[in-house]
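In the two complexes that follow, subunit A is the common piece, with subunit B as its partner first and subunit C second.
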Partner chain A sequence: MSPLASTWAAEALAVFAKEWRCELRTRIALNTLGLFAVTTLVVAGVSLGPLGVAKAQGSALLPVLLWLILLFSVAAGLPRAFVQEEETQTATALRLCATPSALFCGKLLYALTLVAGLEVLITPLYVMIMNLQVARPGLLAAALAAGGFGLAAGSTLVAAIIAQARSKGTLFSVLSFPILLPLLILAVELTRNAVVGDPPGMALPQLLLYDASVSIFGLMLFPVVWNP
Partner chain B sequence: MPKTTLHFEKVRRRFGRLSVLQGVTGTVTPGEALLVTGPNGSGKSTLLRCLAGVLAPDGGQIAYREGERDLDIGERRLRVGYVAPDLAFYSELTVAENLQFFARLRRVSPDRGFAILDRLALPTDRMAGTLSSGMRQRLRWAWALLHRPRLLLLDEPFQNLDAPGEEGTRELLREHLESTPGGLAVIANPSSLEIDRVTARLDLGR
Partner chain C sequence: MKKTLPWLLWLWISAVIVGAFYYAPLAQGFIGKSSRILFFHVPMAWVSFTAFIAAAVWSVLYLMKGRQESHDRAAAVAIQLGLLFGILATVTGALWARVMWGAFWNWDPRQTSILISLLFYAAYLALRGAVDDPEKRGRLSAAYALLGMVVTPFLFWVMPRLTYTLHPEPVVNANGKVEMESRMVQVLLASTFAFTILFFWMHNLHCRLQALLARKVEAQE
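Coming up: the complex of A and B.
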């Protein structure tokens, strides 16, 4: 690795490490994500439960519900990544020190690990509570990995855009809809294929393309929205 | 001596209908300090933020040269040393962890920052969120000088400092102007300050 790339990577890793160090001391995002996800999971489990959904309907409905739980959990906890920097006024110090692309990647890596942890926690519980029979577990794992990446990347990008805005909550919802909608449609389709045992078809390559596009777009756009 | 100059000309900035800076001009060369004074709301902090590159002016030019080249706003932003009342650090991290983090971002050793904190008698194992206002000001100085910048932008640099703290930071400023190759400074304060090597004054008062 060239010296320039290694120092850029070190910068991104420093941001990632700082995010987790602060998070483990405050547990704000962890508690928010976890509490929201578990609460909605329990409500869904109690309302629908293993006997509440017919098998034929389950393969259509349950993948949608899973991704809705993941989406709203992420929306509850991830926007703080950049919003908090502005609110606590640490953003100025970051602007004067950090390379924007390294900062974005460090924050993205943090978001990825948060989303991965959320999926590892929620998905087995969901499968068990809903008695969801998954014909292709490997494809489900791929759907969660690719969909989770897109959720993290899209949410990080939107969070960076809204961090300096006044109506953050409203703006997050408005901006998230067009960015995350394609992701959710593809992720649900892929998850449904995993449940019923169908091949992934075009959904997986499209989802991977979406992930790459959002990441590249975020890297290009972030310096513009971050700096004056 | 390395060639370093800061020149800003007719810098303007407004916030909505409020015009804060109305065509401000100045030049600073190595070994010199420009003192910017004026009442509250006259645009001192706004000017320094524009010079630091964290706020874009609405008009005018800012040219900062190190060596043979003018740095663009992105390069300038990463090179300046900046002290300001609204500069904050991570309250969940200790003083040492904050310095180490920003040193990694700046790709420098944190040793200089720790040496300054030692001179200013600030314990490094305190959580940044538990620091008093004067202690936070000392941390700002250590952070600003971490990467040995040539250009120092100091907004109310001695705010909240006790006598030893002010003496220590004045000494740091003196060393910067006398010993740092190409070192120069812009200092903003509501009232005039007695500082050696202030060669120019800019009063934004109305």
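Coming up: the complex of A and C.
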């Protein structure tokens, strides 16, 4: 590895490690994300009642509910990655310490681990509580991995944008949902195929294409957003 | 030219309206006279799409050419007008859907796509409203507008192919052919031209007005 690449990788990893160190000190994002997801899951379960939904309707309805829980949980927890830099006035120090691309990758890696943790916590609980029968668990795992990557990539750039604006909390949902909606539609389609047992079709390559486009464009646009 | 353009445009649009109702024939397979909405709905959707592309171009210019306020203003005004024409295209489309499909809204992929893109550009305006510093506002909104260009292909090319759509084929169909009566094509092209000029005229007026207002605020400070 060239010295330049190793420095860049070291910077990205340092940002990633710093994010987790800060998070483990306060546990704000972890608590918000986890508790929000579990509470929403319970609310959805209670609302559907003790009988739940019929199997025929369940394959159409339950994948939508799962992705809505994930989307709203991400909106509740992920913006903190950049908002806290502005609140604690550490953004300038971070601008001096790491190149924008390394910083973006470090923050993205942190968001990815957070979303992956959320999915590992919520999905088995959801399958149990909703009595969801999954015909192709491998495809469900692929949908969660690709969908989770897209959620993290789309949210990271939007979090960097809203951190510099007023009314950050509501603005994150307003700005990120239109960007994440195509991902949500593709992820729901793929999850539905996993539940029913259908092949993934075009939804999986399209979801991967979405992930690649959003992360590459995020990487390209981040210096503009980050540097005054 | 500045004084005659509005009059020429007015005459042209009047001729398009007359042509749409008295010159172009009704299309086959449509209920009643509902096909006439094509001459207004398609150009509005076209102008909305053009406005969003133009906004992306002005955003790139803003970021690459010394962050001039005029480029940022041009992008913002293009998005405001794109939203206006987008809403009009959605409303005319819903009216047509009520006649043809029996309901104003059917979650057809085309309806869903335009709704999401309108939400995106409304969010762009919300972002502009949430940042006070002009340089920061220009920078952040330009980045957000360009992010929209990543999502747009998924909305307009990917989603309509995921599920079945009842929407009629585009003017240039999948085989690259225009299967429309020639008088209809003439009126549609004339209308599209009129709406495009109308957009750029409104854009120019709005940008000049915004520049004057900015200068007034500066003078007051």
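Structural remarks
What we mean here is this: the second predicted complex is superposed on the first by the 225 of 228 C-alpha atoms of A that agree within 3 Å, B and C clash if a C-alpha of one lies under 4 Å from a C-alpha of the other, contacts with A are read in each partner's own complex, and residues count from 1 in each chain.
What we mean here is this: contacts are C-beta pairs under 8 Å (C-beta built on N, C-alpha and C of every residue); 3 or more make two chains touch, one makes a residue touch a chain.
All of these numbers come straight from a predicted model, not from anything done at the bench.
Considered on the superposed subunit A, subunit B and subunit C are sterically compatible, since they fit side by side. Computed from Cα centres after superposition, the angle at subunit A between subunit B and subunit C reads 90 degrees (steps of 10). By the touch criterion defined above, A:174 lies against subunit C but remains apart from subunit B after alignment on the C-alpha atoms of chain A.
When subunit A is checked against subunit B and against subunit C, the one touching more of its residues turns out to be C. Contacts of A:221 after superposition on the shared chain: subunit C is touched, whereas subunit B is not.
When the two complexes are overlaid on their common chain A, residue A:213 makes contact with subunit C while staying clear of subunit B. Residue contacts after overlaying the shared chain place A:96 against subunit B, while subunit C stays out of touching range.
Of the two partner chains placed around the shared chain by superposition, subunit B is the only one that A:26 touches, whereas subunit C remains out of contact.
By the document's definition of touching, of the two partners only subunit B reaches A:14; subunit C does not.
Legend: residue contacts after superposition of the two complexes on their common chain; A:36 is shown touching neither subunit B nor subunit C.
Judged by the touch definition given at the top, the superposed model places A:164 against subunit C, while subunit B stays out of reach. Taking all C-alpha atoms of subunit B against all those of subunit C in the superposed arrangement, the shortest distance found is 5 Å. Under the contact criterion defined above, the residues of subunit A that touch both subunit B in one complex and subunit C in the other are 228. Residues 52-56, 73-74, 77-78, 80, 82, 84, 86-93, 97, 101-102, 104-107, 143 of subunit B are the ones that touch subunit A when the two sit in their complex. Interface residues of subunit A facing subunit B in the complex, by the touch rule stated above, are 7, 10-11, 14-15, 18, 21-22, 25-26, 88-90, 92-99, 102, 227-228.
Residue ranges on subunit A touching subunit C, taken from their complex, read 157, 161-162, 164-167, 171, 174-175, 177-179, 181-182, 185-186, 189, 202-203, 206, 210, 213-214, 217-218, 221, 224-225, 228. Across the interface of their complex, subunit A is touched by residues 63, 116-117, 119-120, 123, 126-127, 130-132, 135-136, 139-140, 142-144, 146-148, 150-151, 154-155, 158-159, 161-162 of subunit C.
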